[in-house]
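Common to both upcoming complexes is chain A, partnered first by chain B, then by chain C.
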Partner chain A sequence: MANKFDIQIRAEQGYAILETAGYLNDALGEQLSREAQKLIEKGYTQLVINLDKTALINSIGISILIEIIEALEERSGTLNFCGLSATQERTFRMMAIAKYAGIFPDEKAAIANF
Partner chain B sequence: MENIVLKDQVCLTIPMDRDMELVAAKTGSVLAELNHFNEEQTEEIQLAIIETCINAFEHSQSEDRTVIIKYIVKADELECKITDHGVGFTPEDQHNSISKRQEIHSEMRKRGWGLEITKTLMDEFDIESSENGTTVSFIKRMAS
Partner chain C sequence: MHLSSAEETIQRLIFSLSELEQLGQTLISGHSNFNVSSKTYLRITLGTLQATRGAILCFHPTDNYLTIAASTPEVEVPPIEIEPDEVESLLQCSLIELDTPPAALKRFIDRNAELLNDKAKHRLWVPLKIHDEFLGILSLGKFLGRAVLEEWEQELLSILAHQISIAIAYSRNEARIQSEKFRLFMLAESAPQICQLLQPEEAAEQVVHQAVAFLDANVGGLMLIQPQQQNLELRYAFPETVISENDDQNRNKPISISLKDIEADTAEANEKTAFDMLAGVVKEGRTVRSAFRTETFLGGKNLMAGPIQGRDGDILGVLVVGDKEERGGRIAEFTDEDEILLDSFAKQAGVAIENAHLHQEALDARQLQAEMEEARKIQENLIPDTLPDIPGYEVAGHYEPRGPVGGDYYDCIQLPTGGWGFTIADVSGKGMQAALLMATLRAGLLSELSSSRGRENNESVDMKNELIDMAMTLNSLLYVSGTEEKYATFFYSHLNPKTDTLTSLNGGHNPPLIVKNDGNIVWLGEEVGGLPLGMFPNDMVPLIAKYEAEQIKLESGDLIIFYTDGVTETVNIEDEYYDEERLEQVAKTCTESDASHICNLIYRAVMDFQGDADQFDDLTLLILRKK
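Then we have the complex of A and B:
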């Protein structure tokens, strides 16, 4: 059984948005990490990860998100999340992610708060 | 996979293979929805099942490579008992495993969250573990 997932990337002036769809486990997390790393290497240090189409996230997937936060910190960058469900936001706050990354309701707010 | 359906109890056996935790989570989701849990609580139940199953996949060292999930449905609550036949663990094992990890931000550690997340999201939580295996039990009560 293969978990279907997808990542849409939109690079804008000064920031980029990565929009995930599907179960955020190790496989999607690693793909997301590779895409984020490519953007960072191109000079994008302000990233938004939109999780609106990701209904389920496991702790392995979240651990990979932490690696993206750390990679951006090395470049003095910022990661903002949006589109989280209430349970996802609660889990992110429990894992202290909210201290090192922004959590916003939608892309507009995430972009406005870089 | 073997499914046993009783009046108020469903038992599911899953192999320890990629994404099989989703099968267990979706079953829990359907039972929660049938029993009128709200969307947020249903998601919490799914996440607790996913984390507990992944924990068994990664750490149990089970020879039979299966996890048994028993869902017990009551009027206002859903109980899950998730069992593996692995080597078991003690709370000290778990603490030591977490303490050994080196992180840039110690409070934002990457791994070792599974059972902590489950415990936080559920209303009751219990672990029974021995050298013959581990059963993690949790109960979610319906929001009033």
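Then we have the complex of A and C:
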């Protein structure tokens, strides 16, 4: 049964925002990874991932987020997250994602801290 | 400047050493994810060996296939299936020339060479392995300026392949550790959280979400046992599209599984349905894994389900997850470790679900209590505070609420004609609904009495028919006002004090007792019974038991005792009913007393009989005595 998911992309001057909706598992994660990769190849090295509409993340979703961080680091880029639930934020800190990416309450703060 | 062959070799060796150092740096830099670093490894390998094209293929042991992690130039290739004996053959080789492959691998190479961007362009395969674990293949195209690798280059290739193998193994171990870390963290994090949820629906949703996420499942559901229906009912499912039946007839009806006659052990796994499996979890009380040929009601084919238990070990329901996914979207089977995790989580989930339900029950009880209080206020407002003085008669009444709010009602109403209406009723059910139905009955009765019934004060009016018409009107009113099981037993007597005639109609109520002035006992309305009000629509009433009325003439000293079943159905500690016989006996002893005294005597007699026994029905008495 399909997990309804979606990614909205907004590319701005110098940065881009990827907003996910739905269960961040392999399917949504792979799509997110592809979109992030496309943006990186276009020269966007400052990305925001907004997880406000993503209540669930599994371990594959986490590993894909780590891949995006690593892919950006190769280009000396930065990834900032926003819209995380309290549990997601604790998970990100525990999984050391917070060590390599910023965590901010909303898009405005995420953009302001590049 | 032209370099000699020796100088060129030395320069390439220096370059290779520096690239090898870079490989080592890549490995320890924390960029352990091979999906990201594979491009770097391939670039270094191609640069070191001066190869024009190549690819790194990773082996996925659970499903026996290879995928491309990196390739130059980039190619899109679907997963490549590989047989176990082909894996064994690859493990035996250190280097494979694609033009002259070992016989055991010829079919595999022929089958897939074109996928790797044309067989002619890839010349060499180096199996990637650590000890006996096959990890993938390093595939290389032609080399610049030479047809074959020199011996030292082959040694270098072997070192590079080993480095790549270490990187793949390291990446997989890291991924495994990260995944386990994530799952254990989620288990530790989510259990206390769900235990704090107080809404059963929210608790069910969170239990399913957490289980789906930390078990990498694609679907999940929580089914709880409905003890009265003996079934398992789906309370939450992820995705939410499967919560109710899909066919038109059962739309919005929750999916449920009967637990009657469970025969979970009889069917082979392949013949079982998902419903059989879940019912079996309840029966056996242990976690079960099953694979099905077709999609189950949750949407997945591979299910794992465990019992949800309360504090005292009772099975409350089943937590089920389905279709565990792997990287790449493939569906994997749940493992023994997954089963242990689900068991651990289900224990916490059971406490959470039980907590939420207990909290909800406490809230419901509090709300019910408040509703009962409100209902009692309504009911008490309908009972008259005082009864009128009727010349030539004595009237007394007593209402005793006992247990939950019932639906007793009595009244003595002065009619515009100078007559009097005596009524006693008992509405079915308890609580607010009963109180409101009683209020409806009283309003309807007052409306009827103030409009026409009994208005005529001469004998030409057929009072019996008046009462029958009134009963039909009230029946219709209560039928449309109440729910299916709401009705009222009702007794009404019209007293004409000028003629001392009492015209009575019984709507399924306990017949009042008349103690005549000579001591004889008569049960009023016993012969003219009718249906309780509101039980059937008016057009059905004549077909079942039509309303009738009877008329008697009262004489001095006659005593009429109206009562509700709370009197005759009072029980003592030996579970005996007070019954009509005891009422009759006490009534006979008090005919010389006034109405208030009689009312009190009967009440005391009933209470003495009751003793310490609990009562759950109201007790109502209405006494009319002709002086």
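Rule of thumb we're sticking to: the second predicted complex is superposed on the first by the 114 of 114 C-alpha atoms of A that agree within 3 Å, B and C clash if a C-alpha of one lies under 4 Å from a C-alpha of the other, contacts with A are read in each partner's own complex, and residues count from 1 in each chain.
By definition in this document, a residue touches a chain if its C-beta (ideal position, glycine included) is under 8 Å from a C-beta of that chain, and two chains touch if they have at least 3 such contacts.
Nothing here was measured: the structure is a model prediction, and the numbers come from that model.
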Overlay done on chain A, so just call it for chain B and chain C: clash or fit. clash
Identify the partner contact of A:85: answer first if only chain B is touched, second if only chain C is, both if each is, neither if none is. first
What is the contact status of A:97 with respect to chain B (first) and chain C (second): first, second, both, or neither? first
Have a look at where A:67 lands relative to chain B and chain C in the superposition and call it first, second, both or neither. both
Counting only touches as set out at the top, which of chain B and chain C does A:30 meet: first, second, both, neither? second
Superposing on chain A puts chain C and chain B in one frame; which of 56-64, 92-100 or 182-190 is the clashing stretch? 182-190
Please write out, lowest number first, the residues of chain A touched by both chain B and chain C across the two complexes. 1-3, 23, 25, 27, 55-60, 62-63, 66-67, 70, 73, 87, 90-91, 94-95
Chain A residues touching chain C in their complex are 1-4, 23, 25-27, 30, 55-60, 62-63, 66-67, 70-71, 73-74, 87, 90-91, 94-95
Listed in rising order, the residues of chain A that touch chain B in the complex are 1-3, 23, 25, 27, 55-60, 62-63, 66-67, 69-70, 73, 85-87, 90-91, 94-97, 99-100
In their complex, what parts of chain B are in touch with chain A? 17-23, 25, 40, 43-44, 46-47, 50-51, 54, 104-105, 107-111, 113-114, 116-117, 120-121
Would you mind writing out the residues of chain C in touch with chain A in their complex? 31, 33, 35-37, 175, 178-179, 181-183, 185-186, 189-190, 193, 209, 212-214, 216-219, 238-239, 241-242, 295, 298-300, 325-329
